[in-house]
Amino acid sequence: MIHLPYLSTLIWLPILGAIVVLFLGGDKNAHLSRMVALGIAIISLLICCLLWADFSYTNAGYQFQENVSWIPAYGINYALGVDGISMPMVILSTITTLVVVLASWHSIKRHVAQYLATFLVMQGMMVGVFSAVDSILFYVFWEAMLIPIYLNIGIWGGDNRVYASVKFFIYTFAGSALMLVAILYLRVHAHSFMIPDFYALRLTRPVQDLIFIAFLLAFAVKVPMWPVHTWLPDAHTEAPAGGSVVLAALMLKLGIYGFLRFNLPITPDTGQAIIWGMIVLALIAIVYIGIIAIMQKDMKRLIAYSSISHMGFAVLGTFMVYIIVAKTGNMKDAYLSLEGAMIQMISHAFSTGALFIGIGILYDRIHSRMIHDYGGVAHKLPVFAALMMVFALSNVGLPGTSGFVGEFMIILSAFKASFWVAFLAASTLILGAAYTLWMYKRVFFGKITSEKIENIEPLHFPELLALFILAAIVIVMGVYPLPVLDIFHASVGQILHESLMSKIPV
Amino acid sequence: MLDFHLILPEMFVLGMSCVVLLVDLFVKQRQQALTYALTQLTMIGALILTVLLYSVPTTVNFHGMIIHDSLASILRIVIYVSSIFVFMYSRDYMRHQNTGQGEPYLLGLFSILGMMVLVSSYNFITLYLGLELMSLPIYALVALQRDSARASEAGMKYFILGAIASGMLLYGMSMLYGATGSLDIANVAYGVAATDHLHQLILIFGLVFVVAGLAFKLGVVPFHMWLPDVYTGAPNAATLFIAVAPKVAAFGLLARLLVYAMPTLELQWSELIIIISILSMFVGNFVAIAQTNIKRMLAYSSIAHGGYMLLGFAATTPAGYSAALFYTIVYALMSLGGFGMITLMAKKGFEAESIEDLRGLNERNPWLAFLMLIILFSMAGIPPTVGFFAKLGLLEALVSAHLVWLAVVALILAVVGAYYYLRVIKVMYFDKATNNQPIKISTDSTVAFSINGLLLLGLGLFPSMLIHWCHLIFS
Amino acid sequence: MLPIADVLIVTAIVFSLSLVGIVLNRHNLIVLLMCVELMLLAVNTNFVLFAHYLNDTAGEVFVFFILAVAAAEAAIGLAILILIFRHKRTINVDDLDLLKG
Amino acid sequence: MNLVQFIFYIFSALLIMSSLAVILSRNPVRGVLFLVFAFIMSAGIWIILQAEFLGLVLILVYVGAVMTLFLFVVMMLNIEKLPPRTGVKKYWPYGILILLIIVGVTCYVIGPEHFALAAGPAPGEHSADYSNVNALGMVIYTKYVYAFEVAAVILLVAIVAAISLAFRGWAGLSKRQNIAKQVQTTPEERIRMVK
Amino acid sequence: MHEIIYALVLFPLLGSVIAGFLGPQIGRAGAHWVTIIGVGVSFVLSCLLFKGIVMDDGATLNFNAYTWVASCSFQFDVGFLIDHLSVTMLVIVTFVSLLVHIYSIGYMHDDPGYQRFFAYISLFTFMMLLLVTGNNFFQLFLGWEGVGLVSYLLISFWFSKNAATSGGLKAFLVNRVGDFGMILGMGAILTFFGTIDFASVFAQAPAVAAHTTFAIFANTPWSVVSIICILLFIGAMGKSAQVPLHIWLPESMEGPTPISALIHAATMVTAGIYMVARLSPLYELSSAALSFILVIGATTALFTGIVGVVQNDIKRVIAYSTLSQLGYMVTALGVSAFSAGVFHLATHAAFKALLFLGAGSVILGMHHEQDMRKMGGLAKYMPITYVTFLIGALSLAAIPPFSGFYSKDAIIEAVHLSTMPGAHYAYFAVVAGAFVTALYTFRAVFMTFHGKPRMDAETKSHLRESPWVVWLPLVILAVPSAILGALWIQPMLFASDPMLGQAITVDPKYDVLKQLGTHFHGVWAMAAHSVVTLPFWFAIAGVAVAWVFYIWKPHWPAKVVKHSRWLHFILIKKYGFDDFNDLVFVRGTKRMANFFYNVCDREIIDNGLVNGSGRLIQSMSLYLKRMQTGYMYHYALAMIIGVLVFLLWQVLIN
């Protein structure tokens, strides 16, 4: 059997597809570009399923490795591989693209080919960034991704799109600038750009501190963590529905992914030392941002803030491992927290992504993101309202939906760290419910408030399909998350193992 | 020792220049087509000759006046190739802008000849002569648009300041000559190495003036102030010309004077270079933000890029020099694209100078917009364009040379720099066109421009060969 | 025999005077061109001096070429000057301010 | 101090003074003449330094040709009076500062403790049959032939550039008729209807 | 056996899914049939289980269905624990649910959201079954939140009505406050027990209680079990609407009446009681927690009842009475009389469902008028409703020998015997509560069914008895409301082989029921004996006062109100809980949100730091730009200065 280079295929197929779509071009044969894009998205998903099928759950290391010398002069390799941490992200990327293509079937009328091309390119780059084993390759994908998303927000975004897109770009670019230096520094000492080689490095505390901060800046911006989160509400709000979905579902995950790949295993001693700082930042994200979300009048902005709050959970789960291990002295206890963070990320992708699609659907019809322009949508679009209720509930973290799993695991492990951490983290139970359901109530419930809603256009089939896919995932993951956990269980163990030993040279 | 076959390219270019001169004088031609063809032929011929001679091992020729080495060859190749593109982009522009008959081509050829001499010079005399032969036609090119007050003003500024810089360079060289007793670069290097610490002072004195002269040619702070004015004032084609090949030649100048002539003084000159490069990145990137004229913006960006290129010299390691060389080549490509775009966009009586002139380019000509997008992202140093790898090489050299702080400064300033490139992209892609007429550009220019733009992307995906060559040169 | 330091100081003075001239002169482009000539003169004198002290003809040859280049420079500089004069009817340095910012 | 040195100091003083006059003169013609004077003084110094050929070249070629060109241009442009020297009045202290720094640093740097050449013995005089012309001639066409050729090209460039810059085209020079055009003219080109 | 349990739990879900997703296809009749069959199957299976496990004393079932999450040392399963307690709950839940389903056919007859309604209540039944059958905290929480969700959905059922959606949201949020405590409690359990399985937790509990302390605040080592119990009880307070988290229950009355009967009277709100009873092995280890429970319960029992006296909406009266009765149950838990609590839960489920459904019948007859001031004299128009309602009222007012009497009297006596700190206060509260209960109950009866009709002619002309699907459940419910107490008091509380079997653990030193059992001489003796007890006379007094005020001297209430305005005001304002919450939590949060958003986020971070650095760069840019003057001598000067600085610097450092 010829072994297909799955990962390369998953990266380059959509990018080539994007080129094809671009050349099929013009708005005149927009339908053709849609079909092609959909086809590519489906093929990617199928390939991804093959990848998943061949994926070994027990192997903690990289699988499906591809390693070609790329720039020998600098020692850079085109090295790909997935482990349990990146596997779910790769799956997530392909699903998200499919959903986005479906959701934008009818809503985008201008520059359709370019719009779809940005998403296909983004998919390739997302898979790339999650499967890069070479740190420079990682950085290349990481930065390159900014281009399509920048264009996406800027061209198809809302009224304030220019500000939002530039802010997004500069923020993330500035954040990741220092990461490059850190990678180069590590490379000078490890004589290799391969991430696993970095793990073997022994670094003194001051060096670790600086490297930690460099990575932290890059990843904190992406997550985003307070106080470098302000790009997100703007970007999410102004982006077209698909852009918001990709931002929420994939882009933000990069931050946590980075923490898991770089911060924890490379600079564990610093992590250990400044853990409380990280936890405080995470809790600020959860509580402070949760409170801010309550007063938002713009639906997208509200969901954007809720995103930050949810990602705060993931950060909490990621960094809490140090305290848990310090308190219980047992590495096994830390799994719950880290796996909670992973599942929180995955679940957030689906539920928040779906909410953005839903809001996009409303926006296409009513042309407003303001909550007060809505009311009584459930009368006209009952199925849509029901689906949105599922996503809202997942956002609230209700058991039975995917949103619950991560929160549950993280809050439960937070108690191991400290009562007060758990206390503040659990406040999301109330805050999350307050803002999500308040919005839901105002938008979907009540009397029909305007002519526009009275005459609202029903959902198109692709939109419904996208939402149904997501709803199914949200519920299945909520009811039976174990298969997802199994994917990354072994690799989480690996990361924990690396993260919990001192790397100070002896 | 006179090895004439090694100077065949120079002889060919000179001979062809004279042919062009005569043809231009005596053959009546419509729209300079023949001159243009001959010019391109010259470049292609020179390219072939240089490539054929590439494998000849390093030879010091003409009694140490010139050297034939891979550095010179590669720089020459880059100069030819970029000039071919420059001439191609400028043809239409020169056809409808009243810039005389064949003189621009002729002056361009002479200037290229100067660059060829410059990059292969191995003696202060040839170095200086090459430099002047490169510069003098450029002064004229800048001012050649006779009906433009701005062009002549730019020419004058360039000329006077250039002359001052030459004077400083010469003053510095005279000191080095006095201290080492030779004008020959190899002997100077030997002399410098032989000078003990106590007697280094005069060398440093000369060095400062030499660096000032170099910095002027490269257009870096604080010797940069001519650059925005000249780039803006010159006709687009001239801007295009001076923004590309002379920068490559300036790299040669820098390499010959600093790396070849004064390797043992690297501690001193690297300090100067670091300051200059930080200042350049700072001023270039910051002032570019406030520009509304795209040529001026790119001029400031070119100052900043000069600063980045110097980072490679700041590292004072072979890896640094080769990274700087790679950066220079990449910058030449990017600059070619950037200024080429403006030249291509210009119509009769319309210079396409304002950033606003690019409004809605994506709607008017998506392909052009896309290429420009690649060029701008490459300038900003965003992967997967080659601009990123150029910066990466520099940063790696810096970090390896324990100049981590400098790498950090460079990156932070790169972030500032990204802003104005993004603004241009914003104008091209996000803004609505005020004028919905599609932009038409001749096929050959489109092809050339496409190659130019895609090369930036292609080299970004497969940069290793070029990087490898650059590495070979300094290792 | 001339003391080398004295000659160098004289050339330094002439060199710096030419620089000072460029900075101080705000009215006459021709003076700028002359300052450039003066600057090259100082440099040439340096070379001649060192050539003499080193007993090396290279310096003198360099001077020879610098003179040639200076002549060429002067020609081009004057040509541009004439262009400017045609446009502005003045050769006032202060009036060269179309390009700035 | 021997006579040669004395002459040198005289020449130097005159050189410096005439340089100063160049940059301070309000009348460009006078400026050029002071420059010519400075060149001549330099030529004297060069000859003292036994570079006779170069000294002569400086006077014959440079003063004779280049300075004449300057003078020619100055006269052609006919700029006699210059406005008052605001720059000098306002900024001369900075000028002095520049001067002092460069000269001061030079003095410091070329002190015998730092400068081997200054510390070393003075070079011997050339023998009586030494000919500067000869010495240069021996190398210029042999060792420096490449540079010589390049210099030649530079002069060619200067010609081309100067002409192309200053040449206003034949149209400005002669009032030739384009008969073909005149014949082919149409009423539309000549008559404009006033509405 | 497992299959029975799966079927029992999943059938209502199946019905719900079919009714919900295929609503338009199966039509209205299809929707109610499929759900009724689903719940009916559950009911039948529950009865079988009841027979098998409680009556024949079968073995307890405890098994895991599948692993939900496994994370190295921790594992969360979906699993079932079928013992006496859960079977009892199963029967109660499925029984009431089935009746409510049937009743809803009539009650919701004209509603456009018919299928949706049946889908919801079936889903609710499923969630409730999950809750009571769970063998671990996770599943308990799953059902717990699930019923909360459906409750929210059902309160907001008429989503055009702002009051309904607000009520739903409030219910959900207040419940979430409780869940907040609950999830922390679960965190604590996981931390100290390493598992959240009931059986393992109970097994370890004595050891943990004896040795482990935990400091929430520095240097305050508290018993871990106390902390856990109180945290979990906060959850119960939310769900079972105990002061101060009771505020959502009255507002939940905005939902359709069958819901009020099912969710907000019979089942969901008793989940808290169930949970504490289920966790009795844990609670028994913490007298602090029990005491806390006792005080909260007693307070709820008395004070929310008093508010019921001033309500005019018939459903609100019953709602406050529910609060009060829940308070009784909690009080019972507080004195370790877990069985009494569950017993009252059972009888209450019957008579309160009956009262709600009866009220629903009245409301149906009155064309969705709920204000008792516009009713009166309905007895003759709706005789069946009246009779059944009266039975419910008598039961609620604890008039012997109706069910309510037995359960409530058991509680009062248990409190009386208890030595728990706070028991004296509790005793006062529950006894006084007896009077209040009778008062508001019969106030409602008299205002609704007796006296002069006060409705308008239009309504009056349409008044008639409700259809059979509505009154049949009333009749069925009237039976247990009347006799369940007498039937169950012996086996439940005092039998040597109690009905709840081993599910309840009581520390002998707290075992008040055992003490009480010594005085128990049979059902009739108890009824007879009650005539000489205080609570009985209090209840009679309550009925009498109601009669005086609302039948004999109908103008008196207004007079009383006039003379004690402040008291009336306090009661009308419901002690100001709502206003307090609105002021402190709602507005406080909004104000805080406003501050965080507008000041911290927008001004300081965004405008100050982010855009500020942008502006700084911009202004520096402009400044540097101005340095490019365009004058050549400046350019030259810059070069010269550059050279000079470099020169001085390099020469001086070398």
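Here the chain labels run A, B, C, D and E in written order, and each chain numbers its own residues starting at 1.
The rule is short, and it goes like this: a contact is a pair of C-beta atoms (placed from the backbone, for glycine too) under 8 Å apart; a residue touches a chain by one contact, two chains touch by 3 or more.
Quantities reported herein were computed from a predicted structural model and do not represent experimental measurements.
*Asks:* By that same contact rule, can you tell me which chains touch subunit A and subunit D alike?
*Replies:* Intersection of subunit A and subunit D contact lists gives B, E.
*Asks:* Which chain lies the greatest distance away from subunit E when centres are computed from Cα atoms alone?
*Replies:* For subunit E, the chain whose C-alpha mean is farthest off is D.
*Asks:* Closest chain to the overall C-alpha centroid, by per-chain C-alpha centroid: which is it?
*Replies:* It is chain A that sits nearest the middle.
*Asks:* Indicate the whole-number Å distance between the mean C-alpha point of subunit B and the mean C-alpha point of subunit D.
*Replies:* Distance between chain centres, rounded to whole Å: 28 Å.
*Asks:* Cα centroid separation between subunit C and subunit D, in whole Å?
*Replies:* That pair's centroid distance is 6 Å.
*Asks:* I'd like the Å distance between the centres of subunit D and subunit E, where a centre is the mean of that chain's Cα atoms.
*Replies:* About 101 Å, centre to centre.
*Asks:* Measuring centre to centre with CA averages, how many angstrom lie between subunit C and subunit E?
*Replies:* Taking the average C-alpha coordinate of subunit C and of subunit E, the gap between them is 96 Å.
*Asks:* Could you tell me which residues belong to subunit E and also touch two or more other chains?
*Replies:* 625, 628, 630, 632-633, 636-637, 640, 647, 651
*Asks:* Would you please write down the residue numbers of subunit C that are in contact with two or more other chains?
*Replies:* Residues 15, 18-19, 22-26, 32-33, 49-50, 53-54, 61, 65, 69, 72-73, 76, 79-81, 83, 96, 98-101.
*Asks:* Tell me, which pairs of chains are in touch?
*Replies:* Chain-chain contacts present: A-B, A-E, B-C, B-D, B-E, C-D, C-E, D-E.
*Asks:* Across the complex, what residues on subunit A touch subunit E?
*Replies:* 167, 171, 227, 230-231, 288, 291-296, 330, 332-333, 335-336, 339-340, 376, 378-379, 389, 393, 398-400, 404-405, 408-409, 411-416, 419-420, 422-423, 426-427, 429-430, 433-434, 437-438, 441, 444-447, 480-482, 485, 489, 493
*Asks:* Quick one: which bits of subunit C touch subunit B in the complex? Just the residue numbers, please.
*Replies:* 15, 18-19, 22, 29, 32-33, 36, 39-40, 42-43, 46-47, 49-50, 53-54, 56, 58-59, 61-62, 65-66, 69, 72-73, 76-77, 79-81, 83-84, 87-88, 96, 98-101
*Asks:* Would you tell me which residues of subunit B are touching subunit A in their complex?
*Replies:* Subunit B reaches subunit A through residues 322, 362, 366, 373, 377, 382-384, 388-389, 392-393, 395-396, 399-400, 404, 407-408, 411-412, 414-415, 418-419, 422-423, 425-426, 429-430, 463-464, 467-468, 470-471.
*Asks:* Would you tell me which residues of subunit C are touching subunit D in their complex?
*Replies:* Going by the criterion above, the answer is residues 1-10, 12-21, 23-28, 30-31, 33-35, 37-38, 41, 44-45, 48-55, 57, 60-61, 63-65, 67-76, 78-83, 85, 90-92.
*Asks:* Applying the document's contact rule, which stretches of subunit E touch subunit C when the two form their complex?
*Replies:* Going by the criterion above, the answer is residues 625-626, 628-633, 636-637, 640.
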